[in-house]
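Look at the two complexes coming up: chain A is in both, with chain B in one and chain C in the other.
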Partner chain A sequence: MRIINRKPSRLTALALGLLPFAATVIAYSVASHYRRLDNPADKLLPSLDSMAAAFWRMATVPDRRSGDLLLWLDTFDSLWRLGTGMAVSTVLALSLGIAIGFIPHVRSALAPYLATFSLIPPITILPILFITFGLGELAKIALIVIGTAPVMIRSMAQAVLDIPREMIIKAETLGASVWQMVTRLVLPQLLPRLITALRLGLVPAWIFLISAEAIASTSGLGYRIFLVRRYLAMDVILPYVVWITLLGFLLDLLLLQASRRLFRWAHQGVDAL
Partner chain B sequence: MSDTPKLSVQGLTKSYDGLPVLERVDLDVAAGSFCTIVGASGCGKSTFLRMLLSQELPSRGRILLDGRPLPDEPTPDRGIVFQKYSVFSHLTVAENLILASEFEAAPWTGRLFASARKSAFADIDGLLERIGLKAAANKYPVQLSGGMQQRLAIAQALIKKPGILLLDEPFGALDPGIRVDMHDLLLGLWQDLGMTIFMVTHDIHEAFKLGTRLLVFDKVRHDPQAPQAYGATITYDLPLDSPGAARSPEDIAGVIGAPAIDPQNQFSNSNAS
Partner chain C sequence: MLKSIAKATLLAAALSLPLSLTPAKAEVKTDFKVCWSIYVGWMPWGYLQDSGLMKKWADKYGISVEIVQINDYVESINQYTAGEYDGCSMTNMDALSIPAGGGVDTTALIVGDYSNGNDGIILKDKTELADIKGQTVNLVELSVSHYLLARALDTVGLSEQDLTVVNTSDADMIAAYQTDDVTAVVTWNPLLSEIEAQPNATKVFDSAGIPGEIIDIMMVNTETLADNPDFGKALTGAWYELMAIMSSDSDEGVAARTAMAEASGTDLAGYDAQLATTKMFFTPEDAVAFTKSAEMPKTMKFVAEFLFEKGILGEGAPSPEFVGVSFPDGSVYGDAANVKLKFDPSFMTMAADGTL
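After this line comes the complex of A and B, so read on.
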């Protein structure tokens, strides 16, 4: 049988999926082992044990100076910034996206401006934000919004344009006002696409969050890894990277499951990664 | 008042970028007529239908409905069924059918709640029965077959009791056997509700079977050096309801250069008058 027609069983699929993860862990352990044979005090590739111990310490032992559990403090602060930023972006994406996609006059007025604005590399605005809003939370959240909103607005506007014209005309013949079409036709048709835009937007959002925290902050996952970098504390940095990845993965999974549950009509027949 | 035709088309011309698609179309249609519209591909018959719907506006000439000019945009006095995307994919069958009454009852939310919603569902019970979708009332359109979707689309288009029903190749994507069922449903609804129907079709036998009046769109003038120089108009206007007056489908097929027996639809041959 040709290889394109051979499908793995569920168990094989699971095993195949785990294989690259296991290979990475094994390769790391081997490399770490031989490095520490040469130099037991090596800090570059700490053992899995010492990383687990460091992670445990961050999660359960209160910080000597502040008395905080640093991992949870960092996680909470980072997720709060990320969540607030993405919430603002979502509101902007829905309101402006629908206005641009649905109303030709608004489209003519805003689409070229938005296309230009979204080409500004958001990181270059960070100094301006720090100068304008100070070093507090506002500047970091603003960076996430500026970094994610323009692309999300454009993708929502495109999603409105992708709604078959037939449906909009049908709604008109059923006596719908513009507002009723927005609330009963455009918005529901858009929500599954919004989830996709959110999932894609979270990737740059994390980058901007970590960048902003690395430059000016007193807490947060990005702040912590850039802080302990000074002590070459790879035993903290590596678990933090894994932790951030895990958080990102769980957020993505959550959004996908929510979409499958809430928008059953949009997930029939088609399956995406 | 009885002398006023239901719909009157006067000197209608439609051009795109200066090239006429339709020119000098004149037509008076009495209330309760079932006009079937045939013609070669690209002869402007769908454009004509879109102008009856006000989805597009005439370049010259005018269309009068009950003696008054048509509104400039689609309104509930004209229902429409497209070949595809006629129903709302994010609503179940029953929700699709109560949407029009929700629009009417709730200008701001566009939504009925609790007992009002329940009574709206009760109101469409008979309709669901009639179109054979009672068992599928809580399914989404993607879960329905093509024929079921079009039955839903027709029912939805008739909810507002439009005086005119426009059908743009509504059965073009259906299997021949299903089409015969759809013909029966459509003819039954037409006899009960007495609306005026305009139906564009590719299938000449369908046009003969269903219509009381057959309109053939074709170009009368042809410039071999500039094939696009002239638009199409109504070349044959045949009453089909008086016996003996009708020419055979094969004659008309010859006129518009279409095969007399549609290879995709040999079933309907036996149904032709």
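After this line comes the complex of A and C, so read on.
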């Protein structure tokens, strides 16, 4: 049988999936072991034990300076910024995406501008963002929105354009107004695509969140990482990275499951990652 | 399945090998690498490499020394701590918290200068240090700026609880100052003079108020130095030859300072202005005297206590005395069994005696 037709059993698939993770952990442990043979206090690749201890300390021992449980404070603040930013992006993507995709005049006016705007790397115009939005929460959320909204709007507009023309003609024949077509035809077609756009948008959103927190902040996952980097506390940084990855993975999974539940028709018969 | 696990493990081990090798291991060798980052007192390191002075001294001892500039200060210290470099320019405070705190035995080879106004606190629309109470203060947290703030607050009977510290990247400090919510910043030159030039800015405290506490030093790996004294001799010899040139008003001295000014993105006048707020030790005698002074142990005690209070000495640190610091007279601050930072003026003394 050709290799493209040989499918792994569920168990093999699971084992194959875990393999790269196990290999990473083993590679890390080996490297860490040899570095610590040389210098038991090595900071670059701390032992798994010391990382677990550091994570436990961040999660359960109140900070000496502020009395907060740092991990939860950081997680809450970061998720709040991420959530607010993505909510704004989602609203923008839906409203502007439908307007651009559905109304040719709006498309002519906004599509070229948006295509250009989405190419500006937001980090390069940071000083302008600071002066416009200040240095507080607003600037961080604005950075996330500027980093994610243009691409999400474009993908929503494309999703509107992808709706089969026949369906729109049919709706018009049946006498639907524009508003009726938006709410009854476009929106239901768009929602599963919106979740896909949101899932893809979360990747840059995390990057912009961490960058924003690195620049000026008093809390947050990115803030902590860049703060303790000053004394090479990899025992705090690495568990935080794993934690961020886990949060990202769970958010993605949640959205995928929601989409499968709510829009079962959009998930039929196609393999999706 | 099993085979693939075995293969993957082998591959993983192979991939992790480079990480586990520490190049700066104690052994006799002939090729050395030191790193530095942009700062008024460290610009000579770049010039040493470019002008060929370093090569001249390295050749004299039959070794090679490469001086590498790293754009990010903290990253340069991290690279040194990880073993990538044999030496690195850094402050006394960062030397204690990063390499020494991370178990890398480190020696202060060349005490180059101390900040004498190069770090400062600027308030917007206020003119007294005590006005800082209740404000949000933008600075690079856990850096010498943070230390300066803590020392400054002591002088007016305030503590960090009286204000809110916002960690702000030094790269964005000047832009941050333009915004309305930023009313107080602590930073260093050349950013400091840039911000001070704004019409509503007043410098209310600077490092001239705590002279000799923020010290800029070429730190080297103690084991490497012990096994290769020629490495220390070549670095020290090259450094003080350049210091003599640099401090003179001869054409050669002006040319050297101009080159350093250009490398730090300013002109000769701008660089001389920064040098004016830096107490450079142009002669090895001055550097040796300063290193041997009775102030040094006191300063390191302040620094160790500050680092401990901020939780920077590591979670295994039960007290500020966790990491030992040894001084030229043989005295030790902190744990004598865990001395990881050594002030050793012997190479600078050789330079003073002209025996290099």
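We take it that the second predicted complex is superposed on the first by the 273 of 273 C-alpha atoms of A that agree within 3 Å, B and C clash if a C-alpha of one lies under 4 Å from a C-alpha of the other, contacts with A are read in each partner's own complex, and residues count from 1 in each chain.
We take it that a contact is a pair of C-beta atoms (placed from the backbone, for glycine too) under 8 Å apart; a residue touches a chain by one contact, two chains touch by 3 or more.
As the structure is a prediction and not an experimental result, all values here were calculated from the model.
Trainee: Is this a clash or a fit when chain B and chain C both end up on chain A?
Mentor: fit
Trainee: Quick one: is A:M167 in contact with chain B, with chain C, with both, or with neither? Answer first, second, both or neither.
Mentor: First partner only, chain B.
Trainee: More chain A residues touched by chain B or by chain C?
Mentor: Ranking chain B and chain C by residues of chain A touched puts C first.
Trainee: Where does A:W265 make contact in the superposed view: on chain B (first), on chain C (second), on both, or on neither?
Mentor: It touches chain B, and chain C stays clear.
Trainee: Which partner chains sit in contact with A:T116 here, chain B, chain C, both or neither? Use first/second/both/neither.
Mentor: neither
Trainee: Give one of first, second, both or neither to describe whether A:T218 is in contact with chain B, with chain C, with both, or with none.
Mentor: second
Trainee: Would you check which partner chain A:Q257 touches, where first means chain B only, second means chain C only, and both and neither mean what they say?
Mentor: It touches nothing on chain B or chain C.
Trainee: Mind working out whether A:S95 is in touch with chain B, chain C, both or neither, as first, second, both or neither?
Mentor: Neither partner.
Trainee: Quick one: smallest Cα-Cα gap between chain B and chain C in the superposed arrangement, Å?
Mentor: 39
Trainee: Going by the contact rule at the top, pick out the chain B residues touching chain A in the complex.
Mentor: Residue list for chain B touching chain A: 53, 55, 73-76, 78-80, 82, 84-91, 99-100, 102-104, 107-111, 140-143, 156-157, 159-160, 162.
Trainee: Note which residues of chain A are touching chain C in the complex, please.
Mentor: It comes out as residues 12, 15, 19-20, 22-24, 26-28, 30-35, 38-45, 53-54, 57, 63-65, 126-127, 130-131, 134-136, 214-218, 223, 226-227, 229-233, 235.
Trainee: What does chain A use to touch chain B in their complex?
Mentor: Residues 164, 166-167, 169-177, 179-180, 183-185, 188-189, 263-266, 268-269 of chain A touch chain B in their complex.
Trainee: Tell me, which parts of chain C touch chain A in their complex?
Mentor: Answer in residue numbers: 1, 4-5, 8-9, 11-13, 15-17, 19-22, 25, 74, 77-78, 81-82, 97-98, 101-104, 138, 140-143, 160, 164-169, 172, 175-176, 178-182, 309-312, 314-316.
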